[in-house]
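Contents: one structure, followed by commentary.
Naming follows writing order (A, B, C and D), and every chain is counted from residue 1.
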Amino acid sequence: MSRDPVRVTVWNEFLHEQHDPAVRKIYPTGMHKVIGAALEASGGMTVRTATLEEPEHGLTEPVLAATDVLIWWGHVQHDAVDDAIVQRVQQKVLEGMGLIVLHSGHYSKIFKALVGTSCTLRCREAAEKERLWNLEPGHPITEGIGDYIELPNTEMYGERFDIPDPDKVIFISWFEGGEVFRSGCVFQRGHGRIFYFRPGHETYPIFHNESVLRVLANASRWAGKRVSLAMECVDAPPLEPIGRNQPA
Amino acid sequence: MSRDPVRVTVWNEFLHEQHDPAVRKIYPTGMHKVIGAALEASGGMTVRTATLEEPEHGLTEPVLAATDVLIWWGHVQHDAVDDAIVQRVQQKVLEGMGLIVLHSGHYSKIFKALVGTSCTLRCREAAEKERLWNLEPGHPITEGIGDYIELPNTEMYGERFDIPDPDKVIFISWFEGGEVFRSGCVFQRGHGRIFYFRPGHETYPIFHNESVLRVLANASRWAGKRVSLAMECVDAPPLEPIGRNQPA
Amino acid sequence: MSRDPVRVTVWNEFLHEQHDPAVRKIYPTGMHKVIGAALEASGGMTVRTATLEEPEHGLTEPVLAATDVLIWWGHVQHDAVDDAIVQRVQQKVLEGMGLIVLHSGHYSKIFKALVGTSCTLRCREAAEKERLWNLEPGHPITEGIGDYIELPNTEMYGERFDIPDPDKVIFISWFEGGEVFRSGCVFQRGHGRIFYFRPGHETYPIFHNESVLRVLANASRWAGKRVSLAMECVDAPPLEPIGRNQPA
Amino acid sequence: MSRDPVRVTVWNEFLHEQHDPAVRKIYPTGMHKVIGAALEASGGMTVRTATLEEPEHGLTEPVLAATDVLIWWGHVQHDAVDDAIVQRVQQKVLEGMGLIVLHSGHYSKIFKALVGTSCTLRCREAAEKERLWNLEPGHPITEGIGDYIELPNTEMYGERFDIPDPDKVIFISWFEGGEVFRSGCVFQRGHGRIFYFRPGHETYPIFHNESVLRVLANASRWAGKRVSLAMECVDAPPLEPIGRNQPA
């Protein structure tokens, strides 16, 4: 395993922070900057950021070629993400780039393209309490996390969450209002590792929470394997003699 | 469980049979007709067919609304399938319609949209022997099938097949030329059951093989659950009192 | 698929009902009788019962040979179940018999032998509310069940539940006191289908709840496939010529 | 992640090498010594060995407490392994110790206890060719391994292999005589990672093959996570107020 730093790109839609004063108060420079700073502070990672309004949404070929893990936050402008960029990101994930999808990113084009389902769910914005139970205390993603993470005020996401069966469910959330949710889900697609992590509503200071940031740092290390394996259909010569059954 | 007949629609690209005399000799009226006749003969199913060149590829809203299981064979004209029809079929699968994807359909738009991966593989056309080992003799799909199915002459598909981990691997193939392949794979997406079944090259009489047809009949009964569950995001009122943690 | 009735055997430790007046008041003739009557009333099933204190715990070879699905409730006397009977039941499950494990049966010898883990969990007896969210409304086990089942007073079981990843999680519970739990879990072992279903504490009238009984009837139909496939290591002659690589 | 060396214990039944001159010729000091030397030479690991005939089979509490990964080779004397030691090893695996099971170890008490199935399979000893196809070139276990590993002469193991669905299938084997086999399988049980790896028959020099040894070194690093998490049922006080639904 390489000891080189994991190269993370944090992608943010970055609209709420510019247009909604309440959100700007919590994240004056944008969520991507807060997340990126926390990752760099945790060590072993180099971080760049990219946003919707940049050319090619900041996700040019050279940027992706130098990215081991892409973190994705989007909400109100999923449709504004160019299909060609979505395909480019999907291809990179299949070749081995990690992808961490946050909160409302469950409805992003890239996540839906990779899992193939509707990703519908129940939701409610009522500043309620959430407790994320840790089902996998031995998994690299939960290193340093105890039995659960508690968030005093969150938007609720409830089941049924229409996703394929995850390869592993890391967290299940309890909500004050009566629902549950698979809040931390691991998927492999192609050679890439994908982690969906539920917390992150823009009007609560979720990305200032130490445990949430710890999970993101752990997940970035876990997903950033630094493999890059091309995929193509191969017309292959036989490895063993053929012909005993040839039609006459 | 309903005892009503399972309503199957067999979709075929239906080009090889029209333009290639060698294929037409094996399937004069098209593969879809041969498969459809076998399903009807097996009992408990009503069958219609649809092809690429029909309006909306024969997959209109009323046709899909009356379809419990869709069987899909395509090869050289995957790109000619309209994206809107692909989305329509995908939506129906998520709501509960079964989907059986045959052979080169691994590269169809609909299969790739549902699984999210590149679906690349190794291949070779050398009339070689294939033996499909039955890993799940207790599964409804393999009812009446013994330890393996042997096909004297097939096109080879070899690993690595770039698909997400199947919910269950039903068959693994051995090929004379030295390769292996996960030839029968089950996936659930949304509420729909998907079965990928590898055999079916157009230049060999695969769909005249009794065991292959038996598997298709079994799989149609298994995938045609007749549920239809709408999917939507729900803004849900709380089920329990909220408010103890409201921010001041 | 056979239309013959599914043959169910309901096994109950049957000690609480004999020795604890509070439990006897709820289940005068034993939980097994209440469950068995509900299954028979639901149609398409024939039911017998068996208890710990019967010879061979009522699970003789002839009884198991005539059982398609075994339902298991145990709590305080798991250790009193004979290892030879556990092995016999395990063997039958591997050959294709269904097994439905209820509530505290998570800690039974037979469940632990089949899943291989410690099956530890959190618990609390505080008459609290439970809401079982239905993650698989299209699955045969949840036919007729809506978004969730609500139980006003239950014992709490909380994560982390030490089980292998289930083949499918059918229900996740929300508890009033703040926990969550994978309350409906499907496993295949050998050719047998296993369903773990959490509700069922002896001091609450859980098995008088219509939705709980509906799930048990659905699960019995689903698990009772009526296959019986022997398992043995086979010393197999080659199917293809060998020898090109023989050591000199 | 700790940079401390991974502490590996290689366990070998060590009977063939003492009693069969043909095997002794290939492994004069035992397979465990050959495997252990290769692991140490690969770097980052400290290795000890243990055998059936040592007191407690060499698997005392202190040895296991200082073991991150246990490698297991057994064949003709599975029954001679003490049940108490099997339980001790199983407990350690559940707490986080890695376990790598080789070849005929599929039939060992420890593997069967952890997976819960019969582990039956087809087999044949005919010095035939095996080709292990690499399905997961991006997985840590296959680092440095190409499309496949070829072994000129092996014992054949064929499907159906009665195991629970693996968390991931790493290798599928092709055999000259016509069979296939899931030759590299990953399972998690408790917090422990388990890897079953098929090659390793005693009469062929399998553990002198560079690719086989490379896989064992990779798998040891992957499975040796160095977590140790106790498991117990916890009687837990409520985290939220209870009582609104108490029975009168």
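Rule of thumb we're sticking to: a contact is a pair of C-beta atoms (placed from the backbone, for glycine too) under 8 Å apart; a residue touches a chain by one contact, two chains touch by 3 or more.
The model shown is predicted, which means the values in this text are computed figures rather than measured ones.
**Student:** What rotation angle, rounded to the nearest 5 degrees, superposes the C-alpha atoms of chain A onto those of its identical copy chain D?
**Tutor:** 180
**Student:** Same or different, please, for the chain B to chain C contact, judged on whether over half of the interface numbers appear on both copies.
**Tutor:** At the contact between chain B and chain C, which are copies of one sequence, the residues are largely the same (over half shared).
**Student:** Report the inter-centroid distance (CA atoms only) between chain B and chain C in whole Å.
**Tutor:** Each chain's C-alpha centroid was found; their separation is 32 Å.
**Student:** Could you put a whole-Å number on the gap between the CA centroids of chain A and chain B?
**Tutor:** 30
**Student:** Averaged over CA atoms, how far is the centre of chain A from the centre of chain C? Could you give it in whole Å?
**Tutor:** Roughly 36 Å, centre to centre.
**Student:** Where in chain D do residues touch two or more other chains at once?
**Tutor:** Only 131, 137, 158, 165, 167-168, 176, 178-179, 188, 239-240 qualify.
**Student:** By the document's touch definition, which label belongs to this structure's chain graph: line, ring, star, complete, or other?
**Tutor:** Looks like everything touches everything, fully connected.
**Student:** Sort out for me which residues of chain A touch chain B in the complex.
**Tutor:** Going by the criterion above, the answer is residues 90-91, 94, 107, 113-118, 120-124, 126-129, 152-153, 156, 158, 162, 164-165, 167, 176-179, 187-190, 231-240, 242, 244-247.
**Student:** Quick one: in the complex, what on chain C touches chain B?
**Tutor:** Per the touch definition, chain C meets chain B at residues 1, 96, 131, 137-138, 140, 167-168, 176, 191-192, 221, 225, 227, 229, 239-240.
**Student:** Contact residues on chain D for chain B in the complex?
**Tutor:** 131, 133-137, 147, 158-160, 165, 168-169, 172-175, 178-180, 182
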